Amino acid sequence: MEDFSVLIGGKAGDGINRAGFVIGRILSRIGYRIYMYYDYPSLIRGGHNFTIVRASRHAGIASHHVSVDCILALDHATLLRHAGRRTPATITIVNSDSVKAENHAGGLAVPLDTITKEEGGIPIMANSCLIGAFCHATGIPWDVVGTVLDEEMPQETEKNIAIARRGFDAVPEQFILPKGEAPEVPLVTGNEAIGLGLLQAGLDAYVSYPMTPSSGILHYLAEVAGETSLKVIHPESEIAVMLMAQGFAFAGSRTAVGTSGGGFCLMTEGVSMAGMTEVPVTIVVSMRPGPSTGVPTYTAQGDLAFILSAGQGEFPRFVIAPADPAQAFEWSGRALNLSWKYQVPSFILVDKTLSEGTFSFDPEEPEWTGEEPIPRWDGTHPYHRYAEGEGGVSPFCPVPTTGVVVKVNSYAHDEDGITTEDPDRVVRLVEKRMKKSRGMQAEIDALDPVLVSGDPTAATAILCWGTTSGICREVGDIIGLRVVQPVVLSPFPAVALRDALAGVSRIISVEDNAGGQLASLAAAHGITISAQILRYDGRPHALEELRDRVMGVKA
Amino acid sequence: MEDFSVLIGGKAGDGINRAGFVIGRILSRIGYRIYMYYDYPSLIRGGHNFTIVRASRHAGIASHHVSVDCILALDHATLLRHAGRRTPATITIVNSDSVKAENHAGGLAVPLDTITKEEGGIPIMANSCLIGAFCHATGIPWDVVGTVLDEEMPQETEKNIAIARRGFDAVPEQFILPKGEAPEVPLVTGNEAIGLGLLQAGLDAYVSYPMTPSSGILHYLAEVAGETSLKVIHPESEIAVMLMAQGFAFAGSRTAVGTSGGGFCLMTEGVSMAGMTEVPVTIVVSMRPGPSTGVPTYTAQGDLAFILSAGQGEFPRFVIAPADPAQAFEWSGRALNLSWKYQVPSFILVDKTLSEGTFSFDPEEPEWTGEEPIPRWDGTHPYHRYAEGEGGVSPFCPVPTTGVVVKVNSYAHDEDGITTEDPDRVVRLVEKRMKKSRGMQAEIDALDPVLVSGDPTAATAILCWGTTSGICREVGDIIGLRVVQPVVLSPFPAVALRDALAGVSRIISVEDNAGGQLASLAAAHGITISAQILRYDGRPHALEELRDRVMGVKA
Amino acid sequence: MSRSLITETQNTWCPGCGNFAIEHALKAVIAARVEEGFPPENVVLVTGIGCHAKIADYLDVNSFYAIHGRTIPVATGIKLANPDLCVICCAGDGDCYAEGLDHLIFAAKRNIDLTMIVHNNRVYGLTTGQYTPTSPLHFKGRSTPGGTEEKPLNPPALMLASGATMVARAYTRKLDHLSTIIREGIDHPGFAFIDVLQICASFFNMTEYYNERVYFIEGHDSSDFWSAWQKAREWDYSSDAPIALGTFYRSEEPMFDEKYRITRQSGEGRKRTVRKLLEHRIRQ
Amino acid sequence: MSRSLITETQNTWCPGCGNFAIEHALKAVIAARVEEGFPPENVVLVTGIGCHAKIADYLDVNSFYAIHGRTIPVATGIKLANPDLCVICCAGDGDCYAEGLDHLIFAAKRNIDLTMIVHNNRVYGLTTGQYTPTSPLHFKGRSTPGGTEEKPLNPPALMLASGATMVARAYTRKLDHLSTIIREGIDHPGFAFIDVLQICASFFNMTEYYNERVYFIEGHDSSDFWSAWQKAREWDYSSDAPIALGTFYRSEEPMFDEKYRITRQSGEGRKRTVRKLLEHRIRQ
């Protein structure tokens, strides 16, 4: 079997995300690569949550299928809502304690709640029972189930395993999912990959105010703060977040912040300040459908234009949009390094699909950049904070340094950071920033900022950015199209993009927004898009859906 | 004499701006059109302030000259700093109480402080003395001086007139400035023109937190609030400003806010909210050099890209950039009307040059739009706040209306304003906004959004926006170039712009920024700029300077 | 007028959530006022973002479902536009004690006639359980798994220091009292602040803790600022102490919105005024 | 070490401005500390935007000339990055009682070891004379030509209600006392709040008014919260009353920044940790 998908559905509070993750771990253990989509409304208990865990023999999967091979239904709603995903071969397991027999729709019935209660478990442990049942139905050996549960359930381990065993025994084997060949790699969310990437590149502090879908970074980094000597701060507002980050960096701490659109709005004044003070900061923005509160637990790519120009005045910035955890890990570290190397804000622009999706992540795939050296003051007195340095970058000297006074300033300033209104000095500062822009462009151009996949010789190309690139890669492979993803969006890698598109006669852009923001950006650089595929209902495309839409405009 | 310029210089606190204004009034009274540039650093006392009052026989002047016909020096610094502006014919009047005789540089010496003291005046009244001296030196009859002072100095009128008379008598006539033919029209600042334009179009409330160079609107409207039944509120922050404005508008009050870049950053979250709630708001942003605090009392056009995309998510907005008080008056009223007609945010984007410059303003020149009708609920129950209306606009029903419940919502919502996460409803909302965009585009296209001046048949065009358009018009007239100004920048009037540029083979763009933001915007719409003239030292071009730079790239 | 005041929207609060009590109490108070003749269309509800804010979808009255932390400025605009409206804010504790704290203090300072009901569950509910400014010291939330190192704010004390003219506390498990206090708040001319101890069943269920400690204020002179201050500081939202429920303080002072009872000028009147303003600038 | 601590930047405050006194006092206090052995490079000054903020250009110490209203979060980041630094904020009253009020309250709540000097001239100076949160009732400024309708905030009272561990008031015409209080604030372990009545010579010259009313606190037990509260409320920044100068309150409590004395992991150590974190996710 090349590909196997299982959907788990229930109510918020039932632990659907967790159950999906454990099933992902099990499928990973038996040799598959995993992608897990998690769909939930903005509420805490009730409603309908589901995950689709897709297991594949191929690396690099980043999308779900419409139809699934297995449905695990904690409630009736799951059967109703996902009826369209069933094929004749789909195996269904139903919680017979919550779904009436006449609604079982031919599924295997397991009294999850009864079993859980009998074993002395609390309601949420019904998941363990369901996982057990799923594994037996698909022929996954018990020892795999037992060991993964043992690893994943540090609390009440015995009880969970006992409950899982009851579920395992409650259903007959339906078929045997063959073992895959992939060695087991960690499953991480995009948010975790960003956090880890920042950490390995020397992050000292992470400052954030909770906002979906970025909060996972805050939660994860807070959890591992002890082990990593990281300072994690959750202050009173996003304004405080952004300004604190500047304070941290002024005192030499490599700092990142994370938020989503509404919170980012509140940071824009601080972003502009960073543009003037040249104090580095790395900003993760994870997008959801806007405007405003919008659809907070769903996905979108609607903030690109905003991020590219946010903050009053003109100043250079890096904007990087990774597609998957490997890119997120690699480029988050780079973003942190680049921000310090050039003393500019750097953005990591992601979305709910990446942030909260779970992916197989092979740590050997991305580059581990580590903390890179930055231009430092050579010790020649007097120190000038804003001295003319190479390419407009002033050598850095940490606070405190004996005998040195460091002054940064949000006003236009002279070399020492003292306020100026003098026209020539103002011009000098503007040109200092322009010089940096040129260096940043050269740096990015040298970093392979545009990735090509699919059929690199095809004359039709899919142009995509961020998370949609993952599914586009898959579609490109299926239909045989070239797939071109600029990972960096500022400075815009126009030359690399044109190179990547050399020989292409038809460009199809794919974006999760209504405006075609990458398409506009490309147009501004003289690259004409032949057809746009846009989606703006907050849901990522399923693989078949996007494949069909691309086929429809491929001509 | 076609054109006559006088520079008044002194320290902050000396009343330079006021003195310039009174001289402007006098020159206006004797038949000239006026433009006054005011240059001051960010401090309250001391430093160097100056104004250049330019009087012309021609309407539409909007720039100053490098050289001036008269220098009025309250201090030595004025003589030193502006030595380069003198020609052999320049008349100089020097305050001999503060400038030593050896530094008079051939000027007419008047002991301003002594005279003022002798007449029992306070130090700032030295201005009246200087005005008197200026008028006699240039042959302006005493009765003009007396009547204008009488109008402009409601306090201590007698004393001021007496002091002015002493100044008048203290210098001999140097030449006679001939009377002009222009009937006297009011002198207003750009800020005042915006305030008046909003008022005549039905403004109910103005909410603002002080920020240079927008504060003049707040001060002016607060001053006239009583006479106009306007509610003027200065709250705790720009965040409060923007949100209060939405509250006002929800309850049916036509409301505008004003700020500059840093304050606008804090409004972006509210702007995005307006995008989702469809509650109208008009936002004046007056630009100064950024990033961040930048150079707060100087000028720039650096925030266009930011304003065009500010706020998370995608939603339509009007962005209007008037060039002078006539356009500011007309288009501010329109902006308010358009915001209510389409229930979207509308921006009036200006800069320090326009906001704080003083201009002759002929009230008969612009259109007086008044309050225009908006799509209203027809009374058929039930009322749906977000009903499908024509072109995506939902009919408006004020709060309170008997029997009607009005719900607005920052989440994606259904027709009644109730939160939704349903994909089809989310799509419907997105498409409702896109429909509005189309209507807004058509509306703008019908409004003459691109103005052409200079030689409309010339094959070389200057492309400009906002305040720089004023000086470009003058340069266009001088050299004989076509001058093209899109007054509206969103929705972008691409068709009208291409029409305006028909037959043009060379486009020179002129902007007060470093990035060439209008040039990029034009490029994104397929219009290629041949040469860019950019200025980013915070100072507007003088007429000769820009003329020469245009000549340099005209070829 | 026999509207139910409840929309048909599906309610998505967790079972056991204290927000049900607030919804119920507020509905009852509005219904009673309407019963007494107050026009229902003059009621406006403004909410932030969070679990609490869903009340905007559930109550069938005019509402402005705003953004996180910003109930007060929206409500202020509404009230200044039309001082006849009865404007009620339902805010969260993260919402209005963290993100939007400055607005709260300014509402108190201005004594604008609003009623502020804070659904104080002492946790960020909708974003799944981080500490808020009123979480007790050492609270372990998702952003502070090792426990916070910050003492909580004491909102009633802060409101007293800011000039609020009515400061009260209620509790979602004392429904009648909650309704009484909300009614008092709405009737109060000026800024009425009500900190409601709201049970969050999912992330910070303090039912037992509160049940053991709450008591109704009696024999307290709520016009006396000093005793109000003492009452407000009896419990500091962190250490153990009796928890007073009731009105700590109430006084009548000039209201900010009163000076905005202005009648708008008609179109023609306005044009004349604008012309007059311009004419000031030329020979008179 | 014989640096003058004053830069060569041309000073642009108005003649008679109270900011000169603050600059002088702060310089003297820093000089004294340096004299006693405190490393001058460990001093960091953070300012907002306004007349007050120009002090960043004038004092020759490390400085972060930030944006309007945001001294506290910048200073907090600096202090958390390196708790050995002596971090001082110079803020304006518009700056930190309007735009940035929430940060101020959170600094007090957290008891982070900063010294906050508010240049309280009770007016927006640099933007030419609008009312601020501490302008007296009916103040006529450029945004309120008819006079405000808001009572001022009482910052010391607000700070007491927010948990500040040192709350004091000084006056620019009492230079020695001002220096003493600033020294006390800098020495205080925890958040030290100093409201400095600063004369604005150009827009709100209260010299005579203050001179007639100020007195130095004597015989006051600054460890007693209740007497501090009473002292703080003696004058309400609007009506006539004696104006106490001195330290209203002082106590020692755990400081927020103390838990951030963390040594960073080296590059290789980090990579190992990251690998270990990833390995938690596979067979162990």
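Here the chain labels run A, B, C and D in written order, and each chain numbers its own residues starting at 1.
Please note the rule applied: contacts are C-beta pairs under 8 Å (C-beta built on N, C-alpha and C of every residue); 3 or more make two chains touch, one makes a residue touch a chain.
The structure presented is a predicted model; accordingly, all values stated were derived computationally and were not measured.
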Pick out the pair in B-C, A-C or B-D whose interface repeats that of A-D, meaning over half of the contact pairs match by residue number.
-> B-C
By the contact definition above, name the pair with the higher C-beta contact count: B-C or B-D.
-> B-C
Measuring from the mean C-alpha position of chain B to the mean C-alpha position of chain C, what distance in angstrom results?
-> 40
Just give me the whole-number Å value for how far the CA centre of chain A lies from that of chain B.
-> 44
List the centre-to-centre spacing of chain B and chain D in whole Å, with centres computed as mean CA coordinates.
-> 37
If you average the Cα atoms of chain C and of chain D to get two centres, how far apart are those centres in Å?
-> 30
Chain C touches at least 2 other chains through residues 49, 67, 98, 101-102, 106, 133
For chain A, jot down the residues that touch at least 2 other chains.
-> 41-42, 236-237, 239, 262, 269, 273, 277, 292-293, 410-411
Of all residues in chain D, which touch chain C in the complex?
-> 98, 100-102, 105-106, 109-111, 133, 149-154, 157-158, 160-163, 229, 254, 256, 259
Note: in the complex, chain B contacts chain A through residues 41-42, 239, 260-262, 264-266, 268-269, 271-273, 275-277, 287, 289-298, 300, 302-303, 305-306, 308-315, 410-412, 421, 423-424, 426-427, 430, 433-434, 513-515, 520, 523-524, 536-539
Which part of chain B faces chain D closely enough to touch in the complex?
-> 13, 41-47, 208-212, 215, 218-219, 222-223, 225-226, 232, 234, 236-238, 262, 292-293
Any idea which chain D residues touch chain A in the complex?
-> 7, 9, 39, 41-42, 44, 46, 49, 54, 56-57, 60-67, 70, 72-82, 84-85, 102-103, 106, 260, 262-265, 267, 270-271, 273-284
Mind listing the chain C positions that touch chain A in their complex?
-> 12-15, 49, 51, 67-69, 98-99, 101, 124-128, 130-131, 133, 142-146, 201-203
